[in-house]
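Here is the structure we will look at, set down as structure tokens.
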């Protein structure tokens, strides 16, 4: 052997960068393994000082870009035993309808490969009860409160917007025109550009609050819907809602859901969501909230790179109620590791 | 203790039906665990004598309802080391184009949660080479040979149909109007009903062979496309092709695929596929070939219940080259366990 | 209600597909009540994705005991965990059984429904109740923990569908016979839904206050998703959906819409 | 080419994230050639879904040896498998290195690229070749199996980027120096793509026939999906895509389109 030592001494100070590189990049991002494991820390550590996590959704300022996805967060109180609600980028409640909505008959859930199929059917206590019983609790927290609404008619969307805008403590409205689990309205509004635009314009006409319109992926070209809604005055978009899906129970030879079809969410749909966000972010000027299968900070960062200004964690929070906190902490850690000062630098920073 | 023995004697002859029920139902169906494990048995055991597996797709008779999905089966020869091609319900080759198609630049693959994202871009040696070098090999096997075709123009579809119909040993054409990975034609034909109908009619006009049209799920309402194609003369439908998706590599901040977007397949999309098959099977009279995420016999049986007359195994075969054989054997075993004589009894037998 | 990693103390197969799992989880064991459940991650990847709900079979000394059937992939994974390994747990979840003292109680278990009733029986005895425990299964091989049950100082009534042990017939029929001669202050049941429906009818007919523990597929287990509902009737007889995970799993038998 | 369940004979961690895995797989070991690989299922559920390709590091006596880095979930799962457990395997896959006898050979390994070159070195020695083995890594901790390599009766040349062992600089630069003074009949390389490109340039300049082993993400591993392609140039200089899994992973270095 020439020009080389035979048994090189190991230098323990020196990190093997090649071997360490991947592991290191993920160290703080909570991305190891499935990301669905975590321990409850009663006192939230405020890591990541010195990096800016604040993002703007039009006039709406979020302390950080991570929020829960509507319908997976109940009315916030359900998560209180597991995390400090004040740490979230926003609070987003289950869809509210004008009247109480009983929802679909059970069974409403089915697990699928890396996914969850649901047919809740917008079960909620209705606007009155929300204003009286849920809002006072939610007002106690500092993150902006986003109220998700759905109507059976365009007029109902308008009325919901008007009445919620009269209430105190609501920061923005999220307009659900994309729920696959209700027969009336719902997804129809979300698949026909003219209808989507009408709902948007009506809501805008009834509120001073920023209006976020939530889009369905169950369309031929989601950018057409996105532009229609932008033109109608939407301040931001959120996407994606669930994919239409179905499951069958071979034992009984019946649909697994009483409603027969349902909405698919969770990691399984992440590639579809990421693609939709990327395409829409390039097609519109208003900010986009990305969601669909986000489990770890790594997932969330990918959505930011694809062009999302903020992200939402849905199904993952049902499995690990602390997932959202881990995503926030992981984003901070990533920024620090990468020497970035501001999360906004990552938005749309995908290299093509 | 009254009216009851204290330590009941165990009766070893008697199966504990309650406990055993579920396990038993799955015993022969290859459904235990992920279904992606198996051993290669050089000699195929002919199980399930006495039950009929033969199905009709219009004029096309299949010895059993399980075939490979186009593009995951190469030209058949790739699977020959692992299984007896004569056992399949049909042989289905990768999409053939008129001219050789180089395909998209690598990387072309990315694993996603329970899914696979690909952007192959219809790489194939073109019609000439297919006829000269691939067809003679494929003709040696007994199952009907289905040749999948794609054109850049309606005329190309027609020419492909005409020239393939002149060749010997082809049982049917599968018309791919749904590939998300090519810029020209491809998915455009599959998303606009009028275009889909024109392609179908053109192909029908150029061939005496049964014509199967393959649909994309990336549309607002797949039943509209299905009916358009049925009205234009299609003999059968196959669905679904892949869902449009995207993945990002956080390390490089680049898309994981060179083509940026790709098609999502595998277990992740099974609920979407099952829903599409169920909806289309109710909307049309022609037979449907169901595919999307089938791994086990159990999955295949669910598609049959949803209304598919036959099924295709795609991504699962890439992971377990014997998956398709296990699905066939599992369907046979299920029929026997359930005391059914004919697989056709299960088609559309979902209880609503 | 906590999220924690519990260490496996012991994992014992007590039947061909029945396991007992002892977990070290002092924070949960300290507050767990009979009828409550825990929600466990049963795997490492993203598939299977959801947690699995299992009743608390017993609790004490900082430990939880679970009694479960290996049914699918999740429980199969669980049965492979060795002492020392960690299981990701939410709990205690749900509303448990109403506890009383110094009364005469009937506990009616169908098959795996024995799981939560064991814990109830133990606490009920500690509170000075008399407990008649009715335990039914398809056959004698579906009966478990008989010795442990007897050690609780209860009266044990056994029924099997095939008569391979005890009374031949449904456990509810066995209870019905006892109802004629005995007074019960309260009755509790867990088991397959048809058995629970029969139980509820008998209890109503005998004017015995009765509670049942229901099962429904669950995602979160803590009330956030509205996925696990069952139909109930309110005081005016109107039907509504209630979460099984937070409104239950234990419900007043009279409030449940048995027809669905 | 077979599909089988191979029993784990030994699983040894030989570095912080480097493992050696010995598998009992006589049917594969009997025909395996240097440069070929196996394709392993690394998990039980549907996630992770795909197999993982690993080069055959050594083969003999009915056993395969694999040398791998724990990189993500698949390899992490693999590293947890104990002796006696089974691993689902396809193999041997791909086209290996061209074997010659009685010649002077240069083997150039960058980092994990050592994996297949070990097997090649051993067989090359058995065929009576002289072997100069160039082995580079970021630093000394990235060098493995040095003793075993030396036992093969080769000349070992070490390079590290930081000089913590051997030559300071790229392994290709170390080879370049040797190329000046030595004649090589053939050269083989495996490692990161930029290193392979440099290797190919040097080999071409010195007119040494050279082969490289490439990596590409794979689904099937047996040629069915066309997912694992790399760009090659045909004899007329025209670019086309070839499967790495069946056309390679070993290619003539001169045929590879290094620019992509």
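Residue numbering begins at 1 within each chain, and the chains themselves are lettered A, B, C and D in the order written.
Assume a contact is a pair of C-beta atoms (placed from the backbone, for glycine too) under 8 Å apart; a residue touches a chain by one contact, two chains touch by 3 or more.
As the structure is a computational prediction, the values presented were derived from the model and not from experiment.
Each of A-D and A-C has its own count of C-beta contacts, and the greater count is at A-C.
Centroid analysis (C-alpha atoms only) places D farthest from subunit A.
Per-chain CA centroids place subunit A at a distance of 43 Å from subunit D.
Taking each chain's centre as the mean of its C-alpha atoms, subunit A lies 33 Å from subunit B. The centroid of the Cα atoms in subunit C and the matching centroid in subunit D are 55 Å apart.
A straight line joining the Cα centres of subunit A and subunit C is 35 Å long.
In subunit A, the residues touching two or more other chains are 22, 33-34, 113-115, 266-267. Among the residues of subunit C, those in touch with two or more other chains are 44-48, 73. If each chain is drawn as a node and touching chains are joined, the picture has every node linked to every other. Partner subunit C is touched in their complex by these residues of subunit B: 1-11, 14, 16-19, 22-23, 33-34, 113-114, 267.
Contact residues on subunit C toward subunit D in their complex (touch as defined above): 43-48, 73, 77.
For subunit A in complex with subunit C, the residues that touch the partner chain are 33-34, 36-40, 71-74, 78-79, 81-82, 94, 102-103, 105-111, 113-116, 118, 120, 123, 266-267, 295, 315, 317-322.
For subunit C in complex with subunit B, the touching residues are 15-18, 46-47, 69, 71-73, 76, 111, 137-143, 146, 150, 155-160, 162, 164-167, 174, 177. Residue ranges of subunit C in contact with subunit A, taken from their complex: 1-5, 41, 44-51, 88, 90, 216-220, 222-231, 239-241, 246, 260.
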